[in-house]
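Listed after this line are the structures, all set down as structure tokens.
Below are two complexes that have subunit A in common, paired first with subunit B and then with subunit C.
So, the complex of A and B:
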């Protein structure tokens, strides 16, 4: 099982390393959105209230771009059929795709988060652990539902347009939870990071298991 | 024959509910200082909200039934119910915002119920849009079922998140339980029943229409083969 997941993950990363389809454009996109926010939200003292929301908006938008591409290659050359026929557990295909999406998102965040801190002139927060936990749990929640929906949308007309329409409302608890937990990590008054981390854990558990189970049905028609 | 019965019962119940709402129910709930006419929205609002919840639960159950049985009948039920649910949710949101403006002075607050209803509306609008963009019936059915299940399971988490969120953000109004006089209770219950019948009637109609649509596309496909 774990080896199957690893196989899918390695396949995606080899394809990415060879084509460099995503990394470059995502990096530019993140830079651009950071500068756009920098220009449109002038640095003020009360910016700490908006800062977590800005960071997560950037992550969600960049993540959306990454997700919508994650199955594009498979759909283009009819690789979904190959994956469905491969002697792999179908759950492993889901977990492998999820792992490769997660890796992408983490790589994006490694650039984006320090960049946002630098651009908005924020000193690093006191609660490092909380910030990392908020980022990790928020990213996992976003990616697990996102991987399921991205697989679906790859096969539809207007799929890249429909993905955010379905994904953003589903991710509402992640958006609120991740933003509030990040605010707590940054020491915003009234934000209780612990509370929200628990909500994120619950969401992540539900929406790791449910897509894992449903992906089996999806593979039959992709 | 049975459909005519359902149609007539629904019609009479809706008329009765309207009559009670506008002629019998008081203009002002006791202790409320709202614009008199806005109170009449309440009965429509509650009936629509209740049946939106019923409609989306039917989507969830029909989606599971489809994945278990692979019978396209369930897909039609789920799709029909989702369409009606979106209409009822839209009615709930519209009447709610108008009432809120009259009662609370604002069009919108991030109250958990309001937030959840809005998210629900977004989710099932997306559900319908995605259905529209898939052509193969089997693929469409599986996509819809997966979405219907995920969307329904999302709702409790959304509600929880919204409740926690609004508890630390300013809320314009908090718990405003009011005791209703019998005239209001009677009107509300009639509204409930009337809306439920309306839902059943629409669902029946919509699934019948969907069956005809499916038959038509089958005939068209066959004709193309003949040519």
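So, the complex of A and C:
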């Protein structure tokens, strides 16, 4: 199974390195939104209260761009059927695409998060471990639901339009949990990272297992 | 080798397959004709184990397809209307990707052999999105043959092929048959169906009203029977 996940991940990166379709648009988007937020939210002492929300808003919107393109390669020549035909656990297709989306998101965050700290002249927090955990769990939750819905929307006519409509309501717990856990990591008064990290772990587990189990059926109807 | 019994498939309100029985033995090619919307592609999809039938059963090489079909999928190769190829990847990278999914040990050698067979070796490092329809069809054929399947399912495989490509496909099918493989080929060309098929079948509105060995039909009888069942071939 891991071998198949790696094969799918490797194929996605090969395609991306050749076309630079996703990385280019994600990078431009994240730079634009970071500078826009930097200009419209000047550095203030109470910035810490809305800083986590700004960072996650940027990550979610950039992620949306990436997710909407993540099955474009498969849709072009019905490659999902090629994958369904191969003798592999179809759940591995979900995990492979998830791994690929996660890598894109992590790469985006590696640019976005330091940039946000720099633009807002924000001192890095004392709780690095908690911040990294909040980022990792929030990103995993966003990517797992996003990968499932992107696969479902890939074959539909208005998939790129429908994806955000379907995704954001489902992502609400991740959005709230990730923002609150990040706020806790940044030492915002009243924010308890621990509770929210537990919620994120539970959410991530559910949305790792459910799509994995559903994917076999899903690939039949795509 | 390929056996279907009482296959039904419903899509929403529409009954696409209505109790299809067919059988293709080792070393045989069944050519399947039928008008648009008869259910040919759906039948192929069910036989390729991509779609579960609503009723009936499919057997590949004597094993009924139920539950986990991974082992059976390994024995089937499918050339469909769409190529299942990634436009951003080169011809070699596409075959390498599928070779890894099919766990083909001699991957690199097999890829070279197939690219040479389908005449695309000089284009091995070109992205598939730059290929013509015929080149993509040749590569799709190579993809389907990669894991040496015993069962080949081909949905209008001659579409887009030039005369040399068509001769190549004839040769591939002849070799597949000689090796004891089974094939089901969908075509709209009744003359081609008669020339290629060891068995001939016509699918109309989800049913198989005609299924016969080639020897059981007089030359040209397929076209006449098709006309009775469907109307003139040009109407289909």
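Everything below uses one rule, namely that the second predicted complex is superposed on the first by the 222 of 222 C-alpha atoms of A that agree within 3 Å, B and C clash if a C-alpha of one lies under 4 Å from a C-alpha of the other, contacts with A are read in each partner's own complex, and residues count from 1 in each chain.
Keep this in mind: a residue touches a chain if its C-beta (ideal position, glycine included) is under 8 Å from a C-beta of that chain, and two chains touch if they have at least 3 such contacts.
Here the structure is a predicted model, which is why all the values come from computation and not from measurement.
Asker: Where does A:192 make contact in the superposed view: on subunit B (first), on subunit C (second), on both, or on neither?
Answerer: A:192 sits against subunit B, while subunit C stays out of touch.
Asker: On the superposed three-chain arrangement, identify whether subunit B or subunit C touches more subunit A residues.
Answerer: Of subunit B and subunit C, more residues of subunit A lie in contact with B.
Asker: For A:76, is the partner it touches subunit B (first), subunit C (second), both, or none of the two (neither)?
Answerer: Touch partner of A:76: subunit C, not subunit B.
Asker: Which partner does A:220 reach: the first (subunit B), the second (subunit C), both, or neither?
Answerer: Touch status of A:220: both partners.
Asker: Could you tell me if A:11 is touching subunit B, subunit C, both of them or neither one (first, second, both, neither)?
Answerer: After superposition on chain A, A:11 lies in contact with subunit C alone.
Asker: A:19 contacts which: subunit B (first), subunit C (second), both, neither?
Answerer: second
Asker: Have a look at where A:158 lands relative to subunit B and subunit C in the superposition and call it first, second, both or neither.
Answerer: first
Asker: Go through the superposed model and pick first if A:109 touches only subunit B, second if only subunit C, both, or neither.
Answerer: A:109 contacts neither subunit B nor subunit C.
Asker: Considering each complex separately, which residues of subunit A are in contact with subunit B in the first and with subunit C in the second?
Answerer: In subunit A, positions 220 sit in both the subunit B and subunit C interfaces.
Asker: Along subunit A, where are the residues that touch subunit C in the complex?
Answerer: Answer in residue numbers: 3-4, 7, 11, 14-16, 18-19, 73, 76-79, 81-89, 220.
Asker: Contact residues on subunit B for subunit A in the complex?
Answerer: For subunit B paired with subunit A, touching residues are 67, 115, 119, 122-123, 125-127, 129-130, 133-136, 138-139, 142-143, 145-147, 149-151, 153-154, 157-158, 160-162, 164-165, 168.
Asker: Would you pull the subunit A residues touching subunit B in the complex into a rising list?
Answerer: Per the touch definition, subunit A meets subunit B at residues 145, 148, 152-153, 155-159, 162, 165-166, 168-170, 172-173, 176-177, 180, 190-192, 195-196, 199, 202-203, 206-207, 210-211, 214, 217-218, 220-221.
Asker: Hey, which residues of subunit C end up touching subunit A in the complex?
Answerer: Subunit C residues touching subunit A: 48-52, 70-71, 73-74, 76, 78, 80, 82-89, 93, 97-98, 100-103, 127, 136, 143.
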